[in-house]
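Below, subunit A partners subunit B and then partners subunit C, in two separate complexes.
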Partner chain A sequence: MPIIVNLDVMLAKRKMRSKELAEIMGITTANLSILKSGKAKAIRFSTLEAICKTLECQPADILEYIDT
Partner chain B sequence: MKTIKTLKVAIHLLFFGLITVFFSQLLFWCAVYFFNDPLPPLLQNFKMIFNPVFFNWQTLIDPFTNALNFVLFIVAVYYLKKSMASFVNSLFYTASVIVNLKKAGNIFVFIGVSIILIQFLSGIYILNTTQNIVKMNSLFARSSLIIAAFDLKSIFLMIAGLFLLLFSASFMIARKLKQENNLTI
Partner chain C sequence: MKKLSLLKAIVDLLWIFSTPIILMLLGLSFAIFFVDPSEFNIKINTINFNEKDLLSKVLFAISSLNYLLIIAALYFFRKVLHYFTRIKIFEETVLKLFQKIGNLLMLSGFISLSISIIGEIYFKQKITLAFGLNQHLVIICLGLFFLVLSEIFKIAISTKQENDLTI
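Here is the complex of A and B:
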């Protein structure tokens, strides 16, 4: 898929662990792992909103389009 | 859930009933062929079928196809029986259900088509052999032949098979959508 999820990059920048983010957002670590690994087929606006709010970033910081 | 359980019981009864009929038939014909002498005189007469006079493809193709279709029908019911185990556990979109429904559907359609074809061909054979003996109205004979070939049982079986294929295709799409939904975070 040409959409890349840069969640791990943002987590590293904010020095935050996945488990911590999952707990704040209220989703399971398994689901967050699916999102991080790029296996997710879609992302809800509510999830994106929660990520942006927690990591204090913009959606573009997390999602990137690469033309393959 | 009650409907699924009722269907499961019906399919199980049908399957074990068919298996019983199949093995009793097999036992009967083996007894007629191999152990004919101790049988009652009425049953001994069945050995006539194995007489070389009757043993040609024209006379045997109809019973042979029926026997083959019967075995195929048991196989199709077996695939339905396998699907029912998943249905009871509410696992509608598993790969095994999709594959089993598709196999059962294909077999039902095959049986329906083959019955129609064989009845049509055997009808032509009977028409050709009797035309020399009895002068039949050609148009009447041919039209009745076509009507006789398309009997309700085989058409119903074909429709049931097509429905199973439709269910299989629908479940395949549903499975993809479910996977997609599960991977939406």
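Here is the complex of A and C:
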């Protein structure tokens, strides 16, 4: 898929662990892992909002389009 | 789920009763070539298979083996119901089983329709055109229904997968 999820990068920048983010957002670590690995087919606005709020960033910092 | 249990019980019962018929049909379809069919007075779908010629015997053997296709479809349907009782509904295996059932029923319907037409022409020397609920057409339609169902399940599986992978 040409959409890349840069959640790892943002987590590293904020020095936060995946487990911590999952706990704050209220989702399971398994679901966060799906999102990080790029296996996710879609992302809800509510999830994106929660990520942006927790990591204090913009959606563009997490999602990236790469033309393949 | 009570309806599913009831359906599974009926299909299981049908399967148990059809198991000895499989052996009987296999034996009969071979035995017919060595015995005189007029001794048994065999009648399938209003056609008497009492002639001593080879075509009559071949038609009888094909219709016996054709019945095995329906029994195979019943076996696969039983497997589908087994998956349903284990709450495994939108699975690839169920989809493939529906396709198999559809193909088997379609094939069986076409074979029985062909035998019926050949039998009418050969034994009764007439061609009949009957309107209404024809059993061969019902089997073909049932086969097509299962094929359509498999297509619907294909869409459902992909929708479920998308839903599961939406975070």
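Observations
Please note the rule applied: the second predicted complex is superposed on the first by the 68 of 68 C-alpha atoms of A that agree within 3 Å, B and C clash if a C-alpha of one lies under 4 Å from a C-alpha of the other, contacts with A are read in each partner's own complex, and residues count from 1 in each chain.
We take it that contacts are C-beta pairs under 8 Å (C-beta built on N, C-alpha and C of every residue); 3 or more make two chains touch, one makes a residue touch a chain.
Remember, predicted model here, so these are calculated numbers, not experimental data.
In the superposition on chain A, A:I62 makes contact with neither subunit B nor subunit C. Of the two partner chains, both subunit B and subunit C are touched by A:T47.
In the superposed model, A:I27 lies in contact with both subunit B and subunit C.
By the touch criterion defined above, A:K39 lies against subunit B and subunit C together after alignment on the C-alpha atoms of chain A.
The intersection of subunit A residues touching subunit B with those touching subunit C, taken from the two complexes, comprises 27, 31-32, 34-35, 39-44, 47.
If you check the complex, the residues on subunit B that touch subunit A are 179-180, 183-185. Residues 161-162, 165-167 of subunit C are the ones touching subunit A in the complex.
Interface residues of subunit A, counted against subunit B in their complex, comprise 27, 31-32, 34-35, 39-44, 47. Of all residues in subunit A, only 27, 31-32, 34-35, 39-44, 47 touch subunit C in the complex they form.
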